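What follows is a group of structures, each given as structure tokens.
Below, chain A partners chain B and then partners chain C, in two separate complexes.
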Partner chain A sequence: MTDTDHYESSVREKRAEKVAEFESHSKGVMSRVQHALHVTPALVPLIVLIASIVIFGLLLGSRFFSPFALTLILQQVQIVGIVAAAQSLVILTAGIDLSVGAIMVLSSVVMGQFTFRYGIPAPIAVLCGLTVGTACGFVNGWLVSVMRLPPFIVTLGSWQIFLATNYLYSANETIRAQEIEANAPILQLFGAKFEIGGAVFTVGVVFMIALIVVLGWVLRQTAWGRHVYAVGDDAEAAQLSGVNVKRTLISVYMLSGLICAFAGWALIGRIGSVSPTSGYDANIESITAVVIGGISLFGGRGSIMGSLFGALIVGVFSLGLRLLGADAQWTYFFIGVLIIAAVAVDQWIRKVSA
Partner chain B sequence: MSIDQTREPILKGRNLVKRYGKVVALDHCDFDLYPGEILAVIGDNGAGKSTLIKALSGAVIPEDGEVTLEGRKVNFHSPNDARHAGIETVYQTLAMSPALSITDNMFMGREMRKPGLRGKWLRQLDRPAMEKFAREKLNDLGLMTIQNINQAVETLSGGQRQGVAVARAAAFGSKVIILDEPTAALGVKESRRVLELILDVRSRGIPIILISHNMPHVFELADRIHVHRLGRRLCVIDPKNHSMSDAVAYMTGAKVPETEFEAA
Partner chain C sequence: MKTLLAGTALALVAAAGGAQAESHMQDVSACLITKTDTNPFFVKMREGAQQAADELGISLNAYAGTVDGDHETQVDAIETCIANGASGILITASDTSAIVSAVEQARDAGLLVIALDTPLNPIDAADATFATDNFKAGELIGQWARAQLGDEAENAKIAMLDLGVSQPSVDVLRDQGFLTGFGIDVKDPNKWGDEDDPRIVGNDVTAGNEEGGRTAMENLLAKDPEINVVYTINEPAAAGAYEALKAIGRENDVLIVSIDGGCPGVANVADGIIGATSQQYPLDMARLGVEAIAQYAEDGTLPENTEGKDFYDTGVKLVTDKPVDGVESVSVEEGQNLCWG
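Moving on to the complex of A and B:
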């Protein structure tokens, strides 16, 4: 080598710093907030939730700030909350599932029709409904991971297919609540109510909260959960580091389908009857809850707890504004503002690095 | 360091062939990596370096020819096969999930589970053990002063990320470590630290394949230099007996070596 090749030697000899010093520099308040949100992304929706409860509580007093009204919100959001849990899983993998509502309704119709049309024992019909939901999820997952089609397109198509199947199969026929109550009360299991000091809970509400807690634990504490985040963050990098991306994606969509089927069961409990026309807007409502809950639509970021908070925020706004006597459109107005604000906050949190 | 050519190569490729349509990326290519050495692989863009490396790390399945690891023939069908055999690759893109923590990234795809029922039935991760292991491995390579092993990788600088990726490879790569352009995205000072890291890994006895376009780095680190041209090994040169301009001349075809093992 000639001397000219040593142009780096000055750097080599005079360098002072090490590359891997991970010291934290003194930070400003905003930067500290940004870091806190980066670590705990469910913090924003939690703060918004508490603030909105406090504001409506101050405006409405005990009409709103009572165990009854607050648990009424839980009952009203239980379906969206359960579906939002399914949606969160898919969105964490940088996908989106527009077919959640259709899977939910189709599963509930299968549970109802299998019981009443074929006379299958209700518990087995429920299992069939759960299986159908999981199978729908598998179809989505297979198309997304193996056929490598974009999730938006896949579920836009499967939404129509599942919904049409639901109408064709049920022949647009509703099974009445009294009939279910008399012959197959297990279908209404999620609607069973119990009261604790004025607060009214249903099995569906308990299921929603338990589901979120369990999923939160699984996402944080198991390898599968970490893989879900890694796939959403950068699928190629995950593949190169040894994650089975296809299997992870299929499992996520199947689990999402299963959870939607449970939502279908809960839907029967909530409305009493089995109706092929119910829950048609669950897909948009679930995406709203997930986005307000701080889960990034670009995947890999957010906590499932946030989607519960997101669903509750929507519930608090709609009940609070209704009790205030405001036009229902104001609910949509504020939800729209929250969605845009949530995405703006997400973009800001992403810039935390460097 | 003098490499004893009579020793058996730890990783050997013979007659490797890979075509992409009409393009021949590997044209009966040979490859030898000896124990304990740093072998640099240089070549012009499109010479087939990446394909060669992918064939050795399982990302590409060669159509013909054979790869042997420690004298045994191996057939890698995926990067995971190669990893299980003890060959770790640090990709140019680093293959890390930016939003996940250092520990999560180090263990991605080979997580440790808690002992007993919680690990077996609930499949719960053994976070304390994983964190301890990750901290030890980073300490081993002098990547000290990491305050929070659970901070997201995206909050690290480019050099720090590279350090974590190399530490991951060194922690699990028992036989061979492949580094693809480890300094390409780094500034001069950060590059310097990564080069030291590479030498540190070599001093542990793990042979390294270094793909780089940076001639000063190649000549500083490499024990031997594999010059790749037109899909095959043109020659292997000794950096002590050749200048960088020689290497570039071989690479571009301006100069033709006399024998394949000119330096040997």
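Moving on to the complex of A and C:
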């Protein structure tokens, strides 16, 4: 036996000792925080949301801190919130969907044009619109899972295709709010509002919140939901443990398309009319909400609640800064800061699992 | 048999004559390059250009970007037109600065280049510009709103719904035109938002669509719920603003003014949703453009600018059913006959 051998074996022993040791005793406050955030990813955006409401409330007083203004924010983020729910599902599978806004607008145009161009009863036209949205999602999902193309490229292409289809089909014609109100009020269903002591809610807002709560439950509590996380975390490992990855992916993109179509319906409620030029940047806005909401772009981690908080944070900053009289540029400036901060926090949290 | 032969000969002569006339037509050709081919505004433009080309017996090739802002396709189109030996190009540029080098190439190759609707940057990069006077369009609705309010104009609370934070020239001209017409000091006329008149509640951006119009209006209403005059960059933004006002039950006591003259917008004037709108004429822009190219091909005459302006003004009219003294306007009915989209 040489000295070198002794040396090696002592290293080996040390290493073994280390593996057996529990590190939790030596954890500082920061690593406890890190651990808590890792377990509850929606915590960061929730804290930021509450902090920003408090800060703007202090700066602006009752103008901001009123049931009217606070529920106005809900109304303003409802479209982005619904689309962000769809985006979250896709991003949880380590994908990305750039076509969400296009699917939304195309679906709303189908609902409107089917009713007014062909005289189809409005409820059936709505169903057609929802079907078109789901079909668009299926195309994306099929290309991603069966053809194995990268989601970024697939949806970059389908974004253009759906948007062009929307413009070509609609001939960029707007259907006016007054015509819809007179002939097919069901198209504006999501715009119907009710008041509870100064707070104004619309059907669209209620739908957004209900959608996020239900999706949150489904993702946590059902086999399908756990499969979505598993596929996003490591598709190969998921496949080996018996998850049907292809079917899960296709179902995620289809559901995402369906939710976008609902967003299209809600869009009609919000703006009154059917307009092919609205919502073209919903893809970027929804990705912003999802990222600020703490859902990892690398897939498999984050909670869908977070994306709602993310959308609300953007809404609070937009309205708050505008009430302060700041130039509209500042909103974009701060949203940019938030995005980078959110990703930095995400990276830091990831270290706990590394 | 003889008659048959004679008939054939006649037919041949006629055919030859026709072919000759056709080849004469082919001598002159014009190109129309628009931002997109789906926006009703550009559809109308194409219609006007085609009509004029048919009347003058020249051929027209139309090109368009796939989306607004598609610069590359427009450059490709200019190169195609040069290669085709066209006499002139009509273009609504997506990127008014970047297109300049391609336009120079075309002018060097002897083509007449006319900017339609959107001036190039600098404006003299094109041989001529046929466009709406956007400042005048804004001024008309500003004057109208002021006259509608009468003495109350001194206490007006105005919401300014603009296009975007990048403040493109059309956005600035319309905004500053409106304020000038209303009698408000605009400070620097090259940007909006620097005014300090207390009657302006605030500026917000709409992206020129319904959704942006509604959100912007909500933001400004949250700032001051007493707003009673709303300027909007275009009619979709106005429709969105109306929805926001309706949501708080104020749709009947607020004056909304707008610019464009699209058919849905004029219909909104008819319904009293928009008080007045300034109508522009894409059909005329294109028609006049094609005529100018035909003229240039014939004897080399260059189109001249409207007196006192650095472009050819294709006209703008105020459309309203509530005419006021001192501001020329046309009825909604006439506006509907001239509307586009």
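The definition used in the following text is that the second predicted complex is superposed on the first by the 327 of 354 C-alpha atoms of A that agree within 3 Å, B and C clash if a C-alpha of one lies under 4 Å from a C-alpha of the other, contacts with A are read in each partner's own complex, and residues count from 1 in each chain.
Criterion: a contact is a pair of C-beta atoms (placed from the backbone, for glycine too) under 8 Å apart; a residue touches a chain by one contact, two chains touch by 3 or more.
Just so we're clear, the structure is a prediction, and the values are computed from it rather than from any experiment.
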| item | value |
| --- | --- |
| Touching partner for A:Gln160 - first (chain B), second (chain C), both, neither | second |
| Which superposed partner A:Ala177 touches (first chain B, second chain C, both, neither) | second |
| Touched partner set for A:Leu240, first chain B, second chain C, both or neither | first |
| Touching partner for A:His38 - first (chain B), second (chain C), both, neither | first |
| Contacts of A:Thr222 with chain B and chain C, given as first, second, both or neither | first |
| Contacts of A:Gln347 with chain B and chain C, given as first, second, both or neither | neither |
| Which superposed partner A:Gln329 touches (first chain B, second chain C, both, neither) | second |
| Partner chain(s) touched by A:Ala230 [first = chain B, second = chain C, both, neither] | first |
| Intersection of the chain A residues that touch chain B with those that touch chain C | none |
| Contact footprint of chain B on chain A as seen in their complex | 1-2, 5, 7-8, 11-12, 15, 17-24, 35, 38-39, 221-224, 226-227, 229-230, 233-234, 236-243, 300-301, 352-354 |
| Residues of chain A defined as touching chain C within the complex | 63, 68-69, 72, 75-76, 79, 160, 163-164, 167-168, 171-174, 176-178, 191, 193, 200, 267, 270-273, 275, 277-279, 281, 318-319, 322-323, 325, 327-329, 332 |
| In the complex, chain B residues that touch chain A | 59, 79-80, 83, 89, 91, 93-100, 104-105, 108-111, 113, 122-125, 127, 138, 142-148, 151-152, 154-157, 159-160, 162-163, 188-190, 192-194, 215-216, 219, 239, 243-244 |
| In the complex with chain A, residue positions of chain C that touch it | 36, 38-40, 43, 66-67, 165, 193, 202-205, 207-215, 218-220, 222-223, 236, 239-240, 242-243, 246-247, 264, 267-268, 271, 273, 341 |
